[in-house]
Amino acid sequence: MPFEAQYYVYWSETDAAGIVHFAEFFRLVERAEEDLYRRAGVLHVHGSLPRIEAHIRYRAPLRRGDVARVVLALDEARRRAIRYRFEIYNDSTGRLAAEGYIAAACVEFSGGEPRAVECPEELYRAWRGTDI
Amino acid sequence: MPFEAQYYVYWSETDAAGIVHFAEFFRLVERAEEDLYRRAGVLHVHGSLPRIEAHIRYRAPLRRGDVARVVLALDEARRRAIRYRFEIYNDSTGRLAAEGYIAAACVEFSGGEPRAVECPEELYRAWRGTDI
Amino acid sequence: MPFEAQYYVYWSETDAAGIVHFAEFFRLVERAEEDLYRRAGVLHVHGSLPRIEAHIRYRAPLRRGDVARVVLALDEARRRAIRYRFEIYNDSTGRLAAEGYIAAACVEFSGGEPRAVECPEELYRAWRGTDI
Amino acid sequence: MPFEAQYYVYWSETDAAGIVHFAEFFRLVERAEEDLYRRAGVLHVHGSLPRIEAHIRYRAPLRRGDVARVVLALDEARRRAIRYRFEIYNDSTGRLAAEGYIAAACVEFSGGEPRAVECPEELYRAWRGTDI
């Protein structure tokens, strides 16, 4: 079962077109990812997961006061990286607002420079079951 | 010839890993897009170009104080949308930091709701020559 | 009784020092203000309340994963402006993270330019009782 | 002579009122502070200067495409902290957009926790002369 979380849309996320700025969608998705790790008790894993790829299709705008429901599902678990799909629904209008995927690598920061490592077991455990 | 613009990386763009946050890369790219329109004297067109798709691959980190060089090239000009490719170079290290594309639709905001329209001629003109 | 709301601190709010960036504190405070208006059923008033002054003292850092509790209390209700005090507690450490005030004017946007007007009754109603 | 720097205002800095969001003003001011340190060749000092206080009065809006000129002047140099005043002019309209001050402490991060220390001489040197 995918992971789901709901967030209100706030003023500071909007731009002069009166809708959520396109880059803010990624902050929304990452927020849900962090909440998934928090649920699993492994929030600390998130700091060693720099993004390596992201894709998004915007389907409908989000506006201040709308309820954004972010749905996350594991897409692919590799040895040194994971990829998950996301959907953002505007629960105030019932429409799909955006969908896409994010891939992240497992790294250690040694001397400030990220170095690829095998992903920790607890990362896979946090995502377990979301892909069904 | 692609359009190029350079920007310093600032503290507020970084996150707790000490590198530029992945969502901030899209703000950087959009900044260059706006500077391209400004050069062409048509900055106003940008407000009617909501994004419909974005893709990015992260290649190397950007750090505070680094010089980010954003390179933009028209990829596809359609009747009601455009797509452009971007590369972000870290001129402080000589490495490619990220690359991807952004697609945007031409719209009018009638009653707050975006409505697809034909792109204005001045939009194509602003991008002319960047694809060579 | 002051208004209170709790928010998790997320990764994108941090900077390279590993703590919440100082400008993000204002986004946190505004989020609580919007939630206060939402509770009162008058969220729409917030869009016509441009800030005219803000002050903050930073007392202790907030880190990713911490629970920030924002406390708001009406400070002064004038005919064309309001001012409220805020405190941000780090509920994960028990420490006061920041405190200050924000003042906002009541305006109408006529032709894009803000024009001072008398504040609507529902604005005062939303804040009623928070100053006790 | 105060330090001055000019920045274009970009789309992602605006909010649904069509003007720069109030929290973004602090990012603008910090950008100028970083450029002051860069000019003095001491950009690295900025990472050990967490803010302890900030105050701002908003005078007039900034809009996308406007040129913001940020003016910084040292206000007070103490042993373990500095305070500087800022003014932000909208050079596209000739109006003062905002003014205020920011105070920052000199710290070392030992074990992640900031500890107050004496400010480095190069910090004072970077600000020298801006208060005249």
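Letters A, B, C and D mark the chains as written, and numbering starts fresh at 1 in each.
Methods note: a residue touches a chain if its C-beta (ideal position, glycine included) is under 8 Å from a C-beta of that chain, and two chains touch if they have at least 3 such contacts.
Source: prediction; values computed, not measured.
A.B. asks: Which pair, A-B or A-D, has more C-beta contacts?
C.D. replies: Of A-B and A-D, more C-beta pairs in contact link A-B.
A.B. asks: Sort the other chains by how far their Cα centres are from that of chain A and give me the top one.
C.D. replies: D
A.B. asks: Quick one: report the Å distance separating chain A from chain B, using the average Cα coordinate of each chain.
C.D. replies: Each chain reduced to its C-alpha mean, chain A and chain B end up 22 Å apart.
A.B. asks: Please report how many Å separate the Cα centroid of chain B from that of chain D, as a whole number.
C.D. replies: Distance between chain centres, rounded to whole Å: 26 Å.
A.B. asks: I'd like the Å distance between the centres of chain A and chain D, where a centre is the mean of that chain's Cα atoms.
C.D. replies: Taking the average C-alpha coordinate of chain A and of chain D, the gap between them is 32 Å.
A.B. asks: Of all residues in chain B, which are in touch with two or more distinct other chains?
C.D. replies: Touching at least two other chains: 11-12, 16-19, 23, 27, 30, 47, 64.
A.B. asks: Quick check on the complex: what are the chain D residues that touch chain A?
C.D. replies: Spelled out, the residues of chain D in touch with chain A are 11-12, 14-19, 21, 23, 63-64.
A.B. asks: Show which residues of chain A lie in contact with chain C when the two form their complex.
C.D. replies: 8, 10-12, 27, 30-31, 34-35, 38, 43, 46-47, 64-65
A.B. asks: Contact residues on chain A for chain B in the complex?
C.D. replies: Its residues touching chain B are 16-19, 22-24, 26-27, 30, 47, 50-58, 61, 109, 112, 114.
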